[in-house]
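Below you'll find the structures, each written out as structure tokens.
Presented sequentially are two complexes of chain A, the first with chain B as partner and the second with chain C.
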Partner chain A sequence: MEARRPTRAVIDPKVRHVGFFAPPANPLPGPNSTLLSGSPAGNSLSPVMIPPPRHPSDRSPAVPVPDTGLRRQGSDHVPVGSYNPSESLLSSSPAASSPSGRVGLADGEFSEESDGWYRYRRSGSGKYDLPLPDTTPEKALDYSAKSSAAPVLESKKPAHVSGKSGKAVVEEQNELQSSSKRPKEKTTKAERRALQEAQRAAKAAAKEGNKSAAVSGGGPPSKPVKQPSIKKDAPPVSLSIAASDKKGSDRPPEKERKKDVPPPRMQFDDKSRVEKAKRRSVVHQTEARNRVELFRHLPQYEHGSQLPDLESKFFQLDPVHPAVYKVGLQYLAGDITGGNARCIAMLRAFKEAIEDYSTPPEKNLARDLTAKISSYVSFFTECRPLSISMGNAIRFVKSRIANLPLNLSESEAKAAVCSDIERFINEKIILADNVIVRHAVTKIRDGDVLLTYGSSCVVEMFLLYAHEMGKQFRVVVVDSRPKLEGQALLRRLVANGLSCTYSHINAISYIMHEVTRVFLGAASVLSNGTVYSRVGTASVAMVAHAFRVPVIICCEAYKFHERVQLDSICSNELGDPDAIAKVPGRMDVNYLNNWSNKENLQLLNLMYDATPSDYISMIITDYGMIPTTSVPVIVREYSREHLFI
Partner chain B sequence: MPDVQVLVNDFLNNLKKRKIEGSQATARQTAELLRSVISQQRVSYTNQAGALMDAVRAVGELLIAANPVELAVGNIVRRVLHIIREEDLSLTTAAIAGLGVSAISDDDDDAEHNDHPVLSAASLAAAARSTLRPPSLQTLLEDVPDSAAVPHTSSSGGDSDGKSRSADKSSRTRKLKHDVIEAVNELIQDITTCHEQIAEQAVEHIHQNEVILTLGSSRTVLEFLCAAKEKKRSFRVFVAEGAPRYQGHLLAKELVTRGLQTTLITDSAVFAMISRVNMVIVGAHAVMANGGVIAPVGLNMVALAAQRHAVPFVVLAGTHKLCPLYPHNPEVLLNELRSPSELLDFGEFSDCMDFGNGTSSPLLHVVNPTFDYVPPKLVNLFITDTGGHNPSYMYRLIADYYSADDLVVQRRPTGS
Partner chain C sequence: MDFQVVVLAGGASKNLIPLVSKEVPKPLLPVANRPVLSYVLELLEQSNLKDLIVVVEGQDAAVRVGGWISGAYVGRLRVEVAAVPEDVGTAGALRAIAHRLTAKDIMVVSGDLVSDVPPGAVAAAHRRHDAVVTAMLCSAPVSGPSESGSSGGKDKTKKPGRYNIIGLDPTKQFLLYIATGAELEKDIRMQKSILRAVGQMEIRADLMDAHLYAFKRSVLQEVLDQKDTFQSLRQDVLPYLVRSQLKSEVLLNGAPQAEENGNEKVNPLKNQVMLSQILANVSTPSFHELYGLGTNGSTRRTHKCCVYIASNSKYCMRLNSIQAFSDVNRDVIGEASHLSGYSFSAQNNIIHPSAGLGSKTTVGPHCMLGEGSQMGDKCSVKRSVIGRHCRIGSNVKVANSVIMNHVTIADGCSIQGSVICSNVQLQERVVLKDCQVGAGFVVTAGSECKGEALAKKEK
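Up next is the complex of A and B:
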């Protein structure tokens, strides 16, 4: 501690010397508070930050102290004034011992903290010390301090002891809290209001400037020290007012910030969570046998048993709205596939459910409806894992419900949400598709050979539209097992008179020679530019890239997601493994008819894969044609708009 | 002779109807057919080798025309021609040696010739020729009447005849035919045992806990993997099904019955899975002289994916698959389109297609190629029955098995 002394001795003069520099807030509150005396100088904080609020509160009275003497303060602001002095009594009057003890306590994790605090108090106490050399006022102060502080301390303690940062922290917090609270109690209503407003203003600065503020307050190294204390949810030590503020209005931004990071998805190799989810689940599912080790984290169930099981439960499933139920069954049966179709079906089901919804007594519409939607979502998830586009749409619906004005009646609120949903479908999906089609058509010339993979509804719309426009081109439809979605697309294209070539994905290198453009759909575009799409898309894009054929992705912007993914393993969907073993229409391929009794054999039916961004020349979205590197921009801009639609 | 003709015709029919599956079976049957052709061929006293070669060439030409895509046929024909050349050469040199060299070296035979470096310049040249036999050098030497010892060649296997170098014409003729048939037998033997020889090298390439990806089915790959398994290596195999033929199902079944951890995936999932794969091991249809591979369809995609993820792409190929030709536009010229019915049911689209529109071109094409061409830069390693080789070394390996003349000579009867 003695080693420390000199440094402090150095700091101290500096503080005094540079005047009001050391805690940068100091100078400001000083003059300001003299002006605003009662309404503590919240405004002045905004540029700086947090320590100030506390300083002014105990400082503002303190400034006049030296000249006027403490007595006057004592009458008025005794607790405040006394607080510091009482501290200073503890610390500085037995100068050698007590501060060292304090610091020793705090040193471990909060040394900087206490240091800053110290320095400040020191400067203050120094001032006190000068005019109050005697013991009597000190004692008086001591008294009053104790009498007033004691209850506060006691009452506060239980709340804060939980943080394990130690007594020193608690003490400091309490001091801060009480010191900041005190004046509030004393101030008039108007003053308090002013204070609040000032705080609100400060909060904005504090929110973004937490760190920088902390730095300026406690010296550079205080940053890492402070961070954990903030996280611990112990009201930040140095942020007296901001901290008390946080409890109220500071929450929402906190939440928003959290939203930015997508929550980790359910990992199905986590036994306990899976168990929990199972207990809640509506659909009875049995885990598939012979699972692929690499994909333990993804759900895989025996197919075939779910549908009849669910159908039989139709009349027992109370909480699920029939419309939702129907869509869920369609997902399960595979009647509705494709990102857009699934999303629209889901939204329409929600709409229907919302229309039939009535708030139970003593419940809040927004909350209860959100819970309802959540339960529907989990039902859908059990039927088939959600697509990313659906996730985005759900987020939209929930945010609309959450942001409903409180003064709306139930029917109005329902109508508002329903119209929002309908608008989402129209603007984000149907109109977006039209825009994409318009854009895409400009990218083909007469004589082009366009290749597409699987079946994407946007690409199909675009091909038909281009054909209607009289463009001369040929289409290569590449398909792959087990879904063979391309056949349906091929059928529709051929029926519309397009000249088509059909092949399977293995022949992609053969067919790519003649292709001039590759148009692909996507289930989602992730913010690192990765295109998450039907399995095989990556191979097609890769081969096209190798043959120097441009790869153009058509994807509505509502499918963009801020998640990132590097490979197709971490997040995927597993299809029915039996579909791999059976080759419909090929009686000669029956080698694996009784595969399931073989232990060593696993069948893997991946549904999606991730196409690296460097294979993709361009993404056509409703916001125009963008390179993959611009995806995060769209994600950011879009999701903001998304919220304030 | 007539029964040979029957055999040839049968084989031609089978080839044309694509009834023979796999290059190994084709190669073996071709070799057997050519053996019977040779054995039935009556040879005159002069230019027996020429007569044999003509006969082989005539049959070979038919065979190649019957299935030009099955390169193994051409390979075997060329190799048989090469064998005849070698045998003839060895007999000629032996005969000349027998005439020219006096009885001094009569009893101490080829061992001395080969091992004695200072015997003569001619024997030196012969020794040199036996160690490396570039076709060009050989043709050069053939022009020079060399009076040296028998070239000690492994493939000819005719060094035993160094002793019986009688000048007797009839015995020499019989000798030539006999030797050639011996050598062809050896070739057949090689073809049938190539799997084992390749599989022997498996342990050098497959380690514990590896993940191996393969596409389609290949007997060589199966044996290779099983050989590693027998050596107590435990590893995991991803099998892509190999779409229109689904041979991958067959391979998966075989692997499972032999106790390997096998995962069957669709072809489209190859790119998704390749990032977790340590090695891609595949069979080939043919290996071209530039190191390019004619492989079952889909492998180019796999090779590109492997390259993207820096996964070694290993091709297993018996020597009968080495083709001495350099490919030109192999995706088209060395490819074969199979029936569309493997992809689409006949009649499935008849309802939505309008045939009455008068235009001759149908709206719908279905493309179902059989092979893919994998360029040499995508191949990391070839494993043949003679060991592992780089793609860039293939031309040299091929020069060991084929005579440069045959590459061109092959075509000469076509022109005339």
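Up next is the complex of A and C:
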């Protein structure tokens, strides 16, 4: 990670520059430079992307195969920076957009950060790309037979990749332009229409804002290069087939991807949207008035009125299953907290709901059930914003439902989904915890002083297990207001005979002297290694780092997320501000009574914070002990597994 | 939502003796010219609870109530009216219809409840805590007006019965102690174990048990089966469940354990234990769980008895005494007018268009004049309900009273704080203060009564 950072820093601006300016301004230097810089990177990437055996065959007429592979990368990244210009170009003159494709390619090579993310996507879409090579070679073949100019062009492309001179590019450019002009005279109505449709589809696809590479198939920037040539020479019939083929091949993945990708977060300072959402919502929520300026984009409601309101609607909410309702109520009332518990409770509610589910007549189980689950999810979201781990679990459930074989009967399908859910709970949470505990124990030596913050169930299990194994160690439980979750942990630890010290976070710098290891839980680990956890974790990690005490995060891999977050402002959860205004058991501490009536006073009760990866020595997951830099690997390699265990 | 609703409508209640009769059993007593049962049914209907079991004491009463319901709610509610013998008590009534109860949870509502507290809230609280029983409590009526309008001797014996001593935990979610005022002698006996487990108990006398309960069906049926002597839900079943919440006997062979066994078969035992541990550890433990964990590792069985305390802004009254009857009538056309379902005129009263008023007759605010009633000249009506087809002469004063249907009042009467049932005839210059006049009674001319119950002798 460290090594990569500088490169990114240097290149990033350049990429952006290229993305916006190169294609329209002057096609010559733009592609030239990017090609040169891009090609080595392309080589370095090829092991992942392109199966080596294909390379030699590139020279054959079936050029488009590697081409698409490379281009695809380009197209991936088009949305990152250079999307719009290329798109407009595409619609005007397909030829001119070819450099933009390559620009995108260069772009892709350098944005390391996002790489893992995209690669995962790409691999996910792999199967949809397959049809493409099948169809294109043919076309390439028969067009090579017909025209002489195009084959030259095509055969040159691999040469570019291995470092071609700018001259060739220019040549190609010219050729392309000339060839692209030619079809315009020739094309029949049907052809034009097919092209238009394909482009529209591609455009729409790209617009989804998916990093999804797979747009590739019909993706705007990758296509145009090839498309003109195909269109030119292939007979109209085959063209339309190709177009339809293309559509057929990439439409379904588009849709699926849309489901996968969570819709953009609602920004709660956007008034009109908030109004709209309010009309839809089940729980009647009044927004808090005294909101902190910096956090206005996060949902914050008057906490007092939600629960009674939801309670009174108990019998009116017909579409919500009782089990789901109960869990939602418990979220809202704060009876269930903690990432694992919330996730398990949600999954079990889903399971119960699925067991009681019966497909209405003339509906498809997969679709209707997915819609049902979505409605439950939105109900949960209204009760309390979802945690990242829950988001992953929901994605899992939905993908399981979507991928049910069509020939299953309803009861079989339900049983299959239920057993999948049960398996997720067992494997991804419980077994994972067991594995983590086993790993973590190896990190304790006799005489250690371990510090933990808040109450994490994995850390607790691991402490108890280590104690059972007879390790000699002492535990420091650090806690903070207002939840004081550590007290419950402390009670259980003490009950099991561990020797403990309890302190509040204010004293962290004093207590850190004697600590030898810090074990923390996490709500989520993001792909840049940032640990998203109970507020206060970051300061504990920072102090530990300053004292050169290793900070070890215990987190199940199902909580990993591909998102990248640099601070805890953009995405967080706001708790009940009253919780910090009131001191339980101290009626005399009432200085903040009626604070909401004071215009110029705002309280902030933040729930989570983001710990930068610099402060973390190691993350223990069910896949082993990894450095923070390996998080993207887990996300990339195993996320698919989440979805298809 | 897997809830079944049982409305215990009662029958010929002894508390309301001059008011109820064979023709008008308690559920059909008019409150603002509507049977009191309609308030409960409409409350339930609003909450989308449309499958009800109405239990009525006595066969005759059941036929009457059934007839009324099928007439008034045809197409709106699916109501099953069940008759149970008289004097079996509320627990007995439930026992009698036990075979019809199938849902996971049962909601038991008293038919004499006049309230706007959503029953869903109680059900939600019940589900949230997975409780065995959840009771709705509301603030007891402030006894301000009752001093002025109460009929002295009778009320003295009844009054303490209306109040409950209720012990709550600090979060006001769990019921730790409950006793009705009537059972209390001089001292209250608390259980040490409960007190020790909770640490802090709040004892309140300003709450009233609204007689709206949510029960877990399996537990309720088990208790009813095992304890044959239990007569009343409020006096026997609820206190029993509250008493035994930390040494639960009911659940030992009840459903929850069976459930767990079922799960254990599916999963490896160890995983199950871990799972429950994860769930238990992170959720905020109630004292039940803490106590359940115990000190010596052995888990003790506990169950939860929850309460839902209605907020003060909600209206909640039970019509279980004569005093309450006039209070409820007054409130429904007064402060809780949204319950009555009528639209009030600008003068804050309801006068049916077919009602006729003589000259110089005034009908004050918070009054109601039923269909086809005629009033003579120079009358005045204040805070009273007058039923249908009454004939009232001239110079009659009615204040704080309830006059039911087909009552004839001759000239010069004065009625204060009284309840006059249907078909009563008051002759000239009768003065009634704080009286109850039973159905069909004839009060002779010129008689003056104060605080009396007048009724025909039972044949």
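By our rule, the second predicted complex is superposed on the first by the 387 of 645 C-alpha atoms of A that agree within 3 Å, B and C clash if a C-alpha of one lies under 4 Å from a C-alpha of the other, contacts with A are read in each partner's own complex, and residues count from 1 in each chain.
What we mean here is this: a residue touches a chain if its C-beta (ideal position, glycine included) is under 8 Å from a C-beta of that chain, and two chains touch if they have at least 3 such contacts.
The shown structure was predicted, so the numbers you read here are calculated from the model rather than taken from an experiment.
Enquirer: On chain A, which partner touches more residues: chain B or chain C?
Expert: Comparing chain B with chain C, the partner touching more chain A residues is B.
Enquirer: Mind working out whether A:568 is in touch with chain B, chain C, both or neither, as first, second, both or neither?
Expert: A:568 sits against chain B, while chain C stays out of touch.
Enquirer: First (chain B), second (chain C), both or neither: which does A:271 touch?
Expert: neither
Enquirer: Is A:548 touching anything from chain B or chain C once the two structures are fitted on A? First, second, both or neither.
Expert: Neither partner.
Enquirer: Now for A:589: first (chain B), second (chain C), both, or neither, which partner does it touch?
Expert: First partner only.
Enquirer: Using the touch definition from the top, say if A:480 reaches chain B (first), chain C (second), both or neither.
Expert: first
Enquirer: Please work out whether A:345 is in contact with chain B alone, chain C alone, both, or neither, and reply first, second, both or neither.
Expert: In the superposed model, A:345 contacts chain C only, not chain B.
Enquirer: For A:337 in the superposed arrangement: first (chain B), second (chain C), both or neither?
Expert: second
Enquirer: Considering only the contact definition stated at the top, list the common interface residues of chain A for chain B and chain C.
Expert: In the superposed arrangement, which is not itself an observed complex, chain A uses no residue for both chain B and chain C.
Enquirer: For a test of understanding, state which residues of chain A touch chain B in their complex under the given definition.
Expert: For chain A paired with chain B, touching residues are 292, 294, 479-482, 487, 490-491, 494-495, 497-511, 513, 534-536, 538-539, 542-543, 546, 567-569, 572, 580-581, 583, 585-586, 589, 591-592, 598, 600-606, 608-610, 612.
Enquirer: Using the touch definition up top, name the residues of chain C that touch chain A in the complex.
Expert: Touch residues, chain C against chain A: 1-3, 47-49, 118-121, 123-125, 127-129, 266-267, 271, 274-275, 277-279, 281-285, 311.
Enquirer: State the interface residues of chain B toward chain A in the complex, per the touch definition above.
Expert: Listed in rising order, the residues of chain B that touch chain A are 238, 241-244, 246, 249-250, 252-253, 255-256, 259-273, 275-276, 297-298, 300-301, 304-305, 308, 331, 335, 342-345, 348-349, 352-354, 361, 363-369, 372-373.
Enquirer: What residues on chain A touch chain C, complex-wise?
Expert: Touching chain C: residues 308, 310-318, 322, 325-326, 329-330, 333-338, 340-341, 344-345, 422, 425-426, 429-431, 433-434, 455, 457, 460-461, 488-489, 492 of chain A.
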